[in-house]
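Here chain A shows up in two complexes: once beside chain B, once beside chain C.
The block that comes next holds the complex of A and B.
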């Protein structure tokens, strides 16, 4: 597999009167062709900001301070606005977290898809209409001819999400940014949407960056997982490796906090909450919540080290303990 | 007795959505009546040559200054012109100018408002200060000034009226745009690579329109009043053109000699039409306000 997307050293700040909020801080992440990568973290850990930064859609007061995003070998930061616009929706598509509000309320859903196809695919109105119905059928919308003429408020939440997915995949993008696509859906609908995304991803060969806070979903769908905490990627590993040998104390805590039916374990909440990202201290941002914290952690930020092949982690505590055992 | 008209059973075969709409319209009999009045006036204006008993400019010297009669239901003026016919023909120009001015103001105001609202930054600041300056001027004085500067013609009156109205639309749509552009479907429109003009015009602007519809209806009444006022003071449309404001002005000079009908009826025509537009606007506001839905 080759690298499709390469995020290196990406930093995004949001400026306000009190200083800069470091929403995304020097993150590195690669996504290979056809791969499903999970981006996991609590609310406010910078997951969504990362997806918008990939599309170069961070708006003031937000600002990409440093770093680059390479897509198919080209630096997205150096493209003109027009070139970037041609990539959005065509090569990199996005499924947003609230399907109901992400669809335009005054345009029939079928039209929203066929317009997109005319915009990017250069299809005629008739071809676009045909492809649109095909896509609606593909995502499992019954009676697509009828549904296509309806407006978002006439469809259920799950139905809207299917429409969003149909729209995102209509142009056969190479990369799909799925930003919590199952939030707010019934569990049974959510499971169907996940299956659908995985199947369609496999069918079209699209890589998926799956942004979520739900580790259960990650286990279900992802090949690799990057764990984000307070704007930083703290650990990145293949999904099985991550669940069986979590290295970073934050990941370990996350894995321990998954409810289990088959074993009688007490759930352990993670103490504290995501620290303020406004002018954060120099050291590890997990230090205040960490069981392994030492002086070193507060003084400087731990570098990414290799814990196992294809498994990287940023933690001094892990580094020290690995030697011991 | 209740004020609402008797409720008849819905027309068989009517789809349920529109019958619901029909019911909601009839819930507000005053506005519905006003709408009927406007439709009636509009039809009379369009069919003026057919419904008016005389040609508007035909003079009958022998029948000058006649009071109300079967021949001339609203009397005749100094030149023996039939007043009813003149009022009907005047509706054409009055409604047309009010409509054209309002439509132009909406088109330009909405477009500018949408652009500055979406762009914000210094463009927005500069544009909004210009709007403030325009709105600080009393609308009628502004319209007077513009008409006087451009010269007396029907087109210039329409231009003057629409300039006085553009700021209000701009401000309205800008405010809506500030809200709408933060909606998720705006983000979604950006993430699929729409060019900015498509985002603003096709995706966002239509979502800003509901409050505009109400404003437009109310503005129709205001435009009509402004136009009649302008011609009353002798600006804009000039005699012998039959126009309600012109006719009211002409009639006013006869009032001392007792020909009250020449002043009263054109004035009533203005009043009824403006009132009807305002009532329809009020009704539309209730009709379109989601919070008012399901009441009663």
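The block that comes next holds the complex of A and C.
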């Protein structure tokens, strides 16, 4: 069976007068039906650009330089704009970080959802209204009839995010791109949104690509995790494997750099900063921050190798150390 | 004696607008937002008190009252024994040197037209009697202290990264050798890798310079790392105060328990406490009598219709909840 989403060799550049900013660099990522895949990394690691590229929303000066995105076997790059529009919002939906700016401020939230259902689902106004109320109830909005008539500024941030999720799932998409959906929300609200996404994913069978920088959220919700650094996927593994046997030095550093509530830790910040993506050097982009760096890392980019079943990593240092033990 | 002592602090904001006008015309009391409601706590010398709670609970209002950016409606704030809640601007000046603040948004809190050097120099020219050369030397010292390279001296805020901007703010705050620094979510706007560096910097400065902090944050993991004691706030009041280790080992107040249970733990095998509150934080305009958490608390009993006082249930451990029995700690 074909995978739900297959990103192969995707590269996205943003051109400016000094050259190309290589925001996403030859990444490969597969999402299977019904699974939750985390995409983790610091700001500027290319997480959001990747989700925009999946939806073909990269606009000049951005450009998809190479690679393909296949969804249910079809190459999204070869579709016409009209065909892509029928996929966007219907089969692949997105929940963004700032629900208040993603919602239209001058249209009541209920109408925003029912319009989408009429457009993508071909429902009549009455059917759309009914389904809209069902969706609002499903995401746990109390008194949906009343809330549906309200505008985004009358709802709290958590409520707006629920509306966004209701909207994203209204058309029963196969894939939900969730771009930091809990960042900026209070912990207790964020926890409820996470529970909601997990339950709805299980109920509707939708796969979720979860973009986040929060390892706690990853541990809580993801089945598999891809770690991104400076536009490259450096490691990809099932969630337990990633936390118990992280292979890439960046992943290890990331785990050590956060304070935790569940145990006392010695904080070790990741050395250096994310390198400039403007005409970056050819080798591993983590080389300047890495504890395992060698000449080879600066000269060429390490290929993805298998560290364990379903666990891949791009690191020469790991390869050498594994041979030693 | 504690360095900072806050007793029964209240900060109410009149609602204004049409409803305020109507109330005034009718001769009724004007509706107010009770952002901070009879709040008391202490910060000892060299101590870091963490103040946690969700947005809208009044954390930042407390911070602004402490540095007297707001004039509290009632209550007392004592700094080293002296009452500062009611002082006028002139009388407050000597205290400004001792009490400083770092704000959440590192960009908005810097003047875009001041270079790094002038920004750090500003508090010195206001509060210290130094010559030009001494000031310059002190700026160098401060930049070194917070880990800013000398080459950044003439840069402007827009040329700096978020982490560097927050370092400038921290340098400004410690420029006058304060003893007490209010940190209002100083790491929230920073990226993961920068956040841990900022935390370590604050820890180093506290230990080297003997500072006391009021560390305000909604990030419980950071609070656990930095704070010696923690006060948990909800709807303008303190629900629980405890040493950090006790609080995280065994939260007593249902609100604290729900807050801790909601923090995602970076361990896929972690056991989760499913304890959660119902609904969302209510408006602080019409706070119902009785326990503030009533309506949302799954454990609520009839007794909760009466407002529980903050009482000591163990050594150094205070909880405002009827359902927590004495000597549990």
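Points to keep in mind about this one:
Everything below uses one rule, namely that the second predicted complex is superposed on the first by the 319 of 325 C-alpha atoms of A that agree within 3 Å, B and C clash if a C-alpha of one lies under 4 Å from a C-alpha of the other, contacts with A are read in each partner's own complex, and residues count from 1 in each chain.
Note that contacts are C-beta pairs under 8 Å (C-beta built on N, C-alpha and C of every residue); 3 or more make two chains touch, one makes a residue touch a chain.
Not measured: the values here are computed from a predicted model.
Contacts of A:189 after superposition: chain C is touched, whereas chain B is not reached. Looking at the shared chain after the overlay, A:235 reaches neither chain B nor chain C.
By the touch criterion defined above, A:86 reaches chain B but does not reach chain C.
Once chain A of one complex is fitted onto chain A of the other, the partner contacts of A:35 are absent, as it touches neither chain B nor chain C. By the document's definition of touching, neither partner reaches A:180: not chain B, not chain C. By the touch criterion defined above, A:258 lies against chain C but remains apart from chain B after alignment on the C-alpha atoms of chain A.
Touch counts on chain A: comparing chain C and chain B, the chain ahead is C.
On chain A, the surface touched by chain B in one complex and the surface touched by chain C in the other have no residue in common.
Residues of chain A touching chain B in their complex: 52, 55, 57, 85-90, 93-94, 96, 98, 101-107, 115-116, 119-120, 164, 167.
On chain A, the positions that touch chain C within their shared complex are 42-43, 142, 156, 158-159, 186-192, 194, 213-220, 239-240, 243, 254-255, 257-262, 265, 267-270, 273-274.
The touching residues of chain B, when paired with chain A in their complex, are 183-185, 187-195, 198, 202-203, 206-207. Every residue of chain C that touches chain A in the complex is listed here, in rising order: 54-55, 161, 191-197, 199-200, 218, 220-222, 224-225, 248, 258-270, 276-277, 279-281.
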